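Structure in structure tokens, see below.
So that you can tell them apart, the chains are marked A, B and C in the order they are listed, and the count of residues begins at 1 in each.
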Amino acid sequence: MPAPIRISTLAARFGASAHGEDVLVVRVASLESAGPDALTFLANPRFKPLLESSAAGVVVVRATDAVGLRRPHVIAKDPYLFYAQAAQLLYPQRTANPGIHSSACVDPSARVSDAAEIGPNVVIGAGSVVGAGCIIMANSYVGARVELGDDVLLHPTVTLMDDCQIGSRVIVHPGAVLGGDGFGNAWAGDHWEKIPQVGRVVIGDDVEIGANTTIDRGALEDTVIGSGARIDNLIQIAHNVEIGAHTALAGCVGIAGSTKIGARCQIGGAAMISGHLEICDGAVVLGGTLVAKSIREPGAYGGPYPMQAHGDWVKNAAQLRHLGELAQRVKQLEKTMASLSVATGENE
Amino acid sequence: MPAPIRISTLAARFGASAHGEDVLVVRVASLESAGPDALTFLANPRFKPLLESSAAGVVVVRATDAVGLRRPHVIAKDPYLFYAQAAQLLYPQRTANPGIHSSACVDPSARVSDAAEIGPNVVIGAGSVVGAGCIIMANSYVGARVELGDDVLLHPTVTLMDDCQIGSRVIVHPGAVLGGDGFGNAWAGDHWEKIPQVGRVVIGDDVEIGANTTIDRGALEDTVIGSGARIDNLIQIAHNVEIGAHTALAGCVGIAGSTKIGARCQIGGAAMISGHLEICDGAVVLGGTLVAKSIREPGAYGGPYPMQAHGDWVKNAAQLRHLGELAQRVKQLEKTMASLSVATGENE
Amino acid sequence: MPAPIRISTLAARFGASAHGEDVLVVRVASLESAGPDALTFLANPRFKPLLESSAAGVVVVRATDAVGLRRPHVIAKDPYLFYAQAAQLLYPQRTANPGIHSSACVDPSARVSDAAEIGPNVVIGAGSVVGAGCIIMANSYVGARVELGDDVLLHPTVTLMDDCQIGSRVIVHPGAVLGGDGFGNAWAGDHWEKIPQVGRVVIGDDVEIGANTTIDRGALEDTVIGSGARIDNLIQIAHNVEIGAHTALAGCVGIAGSTKIGARCQIGGAAMISGHLEICDGAVVLGGTLVAKSIREPGAYGGPYPMQAHGDWVKNAAQLRHLGELAQRVKQLEKTMASLSVATGENE
């Protein structure tokens, strides 16, 4: 448990102002469940009725929500961001407990910083480099010629195949696989010939990669993830994909080979992006969208087929297969109508 | 191999009736491949022609399918359920072979029941509790302060991060990750700030979780899976999701953050459910459906876009983008038609 | 690094012809980045402008692209296939370094070839068989009664549950799980009863299986993957599925239980295929398609709902729910029109 912090200290640190009693907080919690030792926040106006009644020690609000508020509160420009920053202080990430566990297998040619922590059953291959402050947790595998910057956190059971280049302060969640072979096959008339995948996976600084996500090595060039990118769970990133800095991908997204996604994009959950496309900086793709052509202009793009009660959907789906005919029939009606209107003098 | 069982014993045990010779069975098999030592069943009427000819020792049928049947058979109200119960008896789940493998790393502060089995290379963190009859198979990782009830089965390479609370008789298949960080980020103008995820994963009793499925810990509150839920492979369950008792999720489903799914729901494969929704008890979501709004009434909901031959689909997809215009043109036709009808006296 | 090879040698070996200086190559690279020691190829006409200017040692082209080409080149019928074959020669797959790592746990009843390599922390169960030339990399788990042919490569952290039958020259990428229980449950009025999954997973020769993919064991019969099949990352293959020889499945595909897919099919990324279907030999399913009925004729099938700018999509989606009504209104217009035409003599 971290040491309690005064809300005046938090406010000063993150450019906000504290109002009312200068209470000590030790945790963060929701408006409903927060007790007197907890900081909470109001981001969603739906919860405004709970503002005064919440048992929280302090609540972080926008100036407009602070009018008449009698309880201890913090006024911040962006309460959600303030909460994130306060929580980081209250729940600091674990730091390395330097040393190599006796059950780990570290190749003699690997260079592991004395300030790194290598957990049980970890394997580190020939020529790899592990920077200061890195934590490689239990049962993770680091192949040959892998380079980790400083303060990288590999959660348990992470797999980094040969040649992965990882920046500093990267977090990889359990089960993620980086640097597996891309899906490259050439048809040889009666069977597939495997195409050796000789590119690497290159990850910038401050990237977070979710559980059981897979990022394939490049076929010829590298697969590249820009600094600050956020990649959720169960995401497939194929060979030669490039993802720009600070782009966020929600769970279950798939990105096919050689697609380039710009910086500061937001890709909603389960969106599926075809190969060899370009998505410009700042594009927002809604969850569940199938992206089959490039996006050249920033803005929001969507297209999930809407859910209906099953009976309605069955009727609709039947029509869906015949839209071309329906459009043809409307066109024919318009033509007939035009001649009819002439015949009856309707247009005169 | 289990001991052979007489079909009269099975029938008596599970509320059914045995007819014909009281044969011994030792296995279950399909109607096509069953031999004289096997029990099989008829659930799908399509296979009724095989009823008499199957070489099975006994076939389990509904009363209506038993009329005139001369071979040994069992009449059960629900043959599929009877088969499930008989198979459980014939193929009992492996029980713990108590002890801790010499290669396992168990924190001295963890409390592991003497009646639990801990396999090779397993890691168990500080303060964790493992109940009687638990089996933790090879290469699995159990973090700190994790609690497992009795008779939990963790297959190989399962990862339970800190603070997971697991009920009794839970089965977790290989590669599943429970308690990884939820996807919480606040935009700070030019980068994302990580939001520490301080909730837990709480799993009820008798839950089954599929291979490579990921269930994230809560942001503030817990992520909760109700007792008896069945969760298939490669499913993503985001932070703060709640899933009711006995709800079943088929493979490749994704559930975004804070969505609450009721009890006894059935969510078809690859259905994707947006965040902050509520799905009522007893809802059925068809496979491939994108659920972007709450479901308030039990019943079946669908909406996958229907497959077509590629050429037809290209024509249709072109129309799909212009449905608004098409509807507008129909409206215009109706207006013109109405005035025309007046002009020609058609409505009189 | 492999030994350099003359392009005349490569050409002779793979049925192509070398033209110009007989240079030595040691690597493959893209047209843009290749240096004088690299072989590159032109498959996409978009890159034709780079043909003469690329710094590559040699470029592989079709005869039609070779007209007037002054630089060293190879003329091949299928440059992409030639590149694949040349790359296999230049980057040969690692061969086994025979022996069992001291940290591996191999059951005394398992039969492991002296010519196999068993890595750190590998577990091999009772009665399993590992053929000559197999490489089982670190932290992988092989259950009981598993059989591996010769020259199988299990990357790190692969899980093969009991009874898996694996052919020769199979490659399994990290995190893949084969032989986990299928999703079988019978509803017992107020809870699910688990149905023991007693079938196996049977994999042919020369199959490649991607990272974090899951292939469930059969319920009664086996789940079967034909020889030469290519299965990408994060794919779910449910119990009793059968996949024909040389069929390729791109990333994020899901296949529900008991579906049978023929030989030489190509299933695009994120396609989702319902259970109990039959897909004939040679079918091509476009990425993102939901396949809810059997495919009886070879050819291409599609149906992903097209992406639009969000505003356009909102308008369209509103209409999508009312297609049945729209079709009804068009039908009514046609009827009225027909009677009007009669009234005005338009059709005479």
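Following the convention adopted for this analysis, a contact is a pair of C-beta atoms (placed from the backbone, for glycine too) under 8 Å apart; a residue touches a chain by one contact, two chains touch by 3 or more.
On a predicted model such as this, the values are computed, not experimentally measured, just so you know.
On superposing C-alpha atoms, the copy chain A sits rotated by 120° relative to chain C, to the nearest 5.
Homomeric contact chain A/chain B: same residue numbering on both sides for under half of the interface positions. With centres set at the average Cα position, the gap from chain A to chain B is 25 Å. Looking at chain A, one finds that residues 103, 121, 139, 157, 175, 212, 234, 252, 304-306, 308, 320, 322-323, 326, 330, 333, 337, 340, 344 touch two or more other chains. Residues 27-30, 33, 78, 80-81, 83-85, 87-88, 90-91, 93, 101, 103, 119-121, 137-139, 155-157, 171, 173-175, 206, 208, 210-212, 228, 230, 232-234, 246, 248, 250-252, 269-270, 287-288, 304-310, 313-314, 317, 320-324, 326-327, 330, 333-334, 337, 340-341, 344-346 of chain B touch chain C in their complex. Here chain C touches chain B in the complex through residues 103, 105, 121, 123, 139, 141, 143, 157, 159, 161, 175, 177, 180-181, 183-188, 190-196, 198, 212, 214, 216, 220-221, 234, 236, 238, 252, 254, 256, 272, 274, 284-286, 289-293, 299-306, 308, 312, 315-316, 318-320, 322-323, 326, 329-330, 333, 336-337, 339-340, 343-344, going by the rule given at the top.
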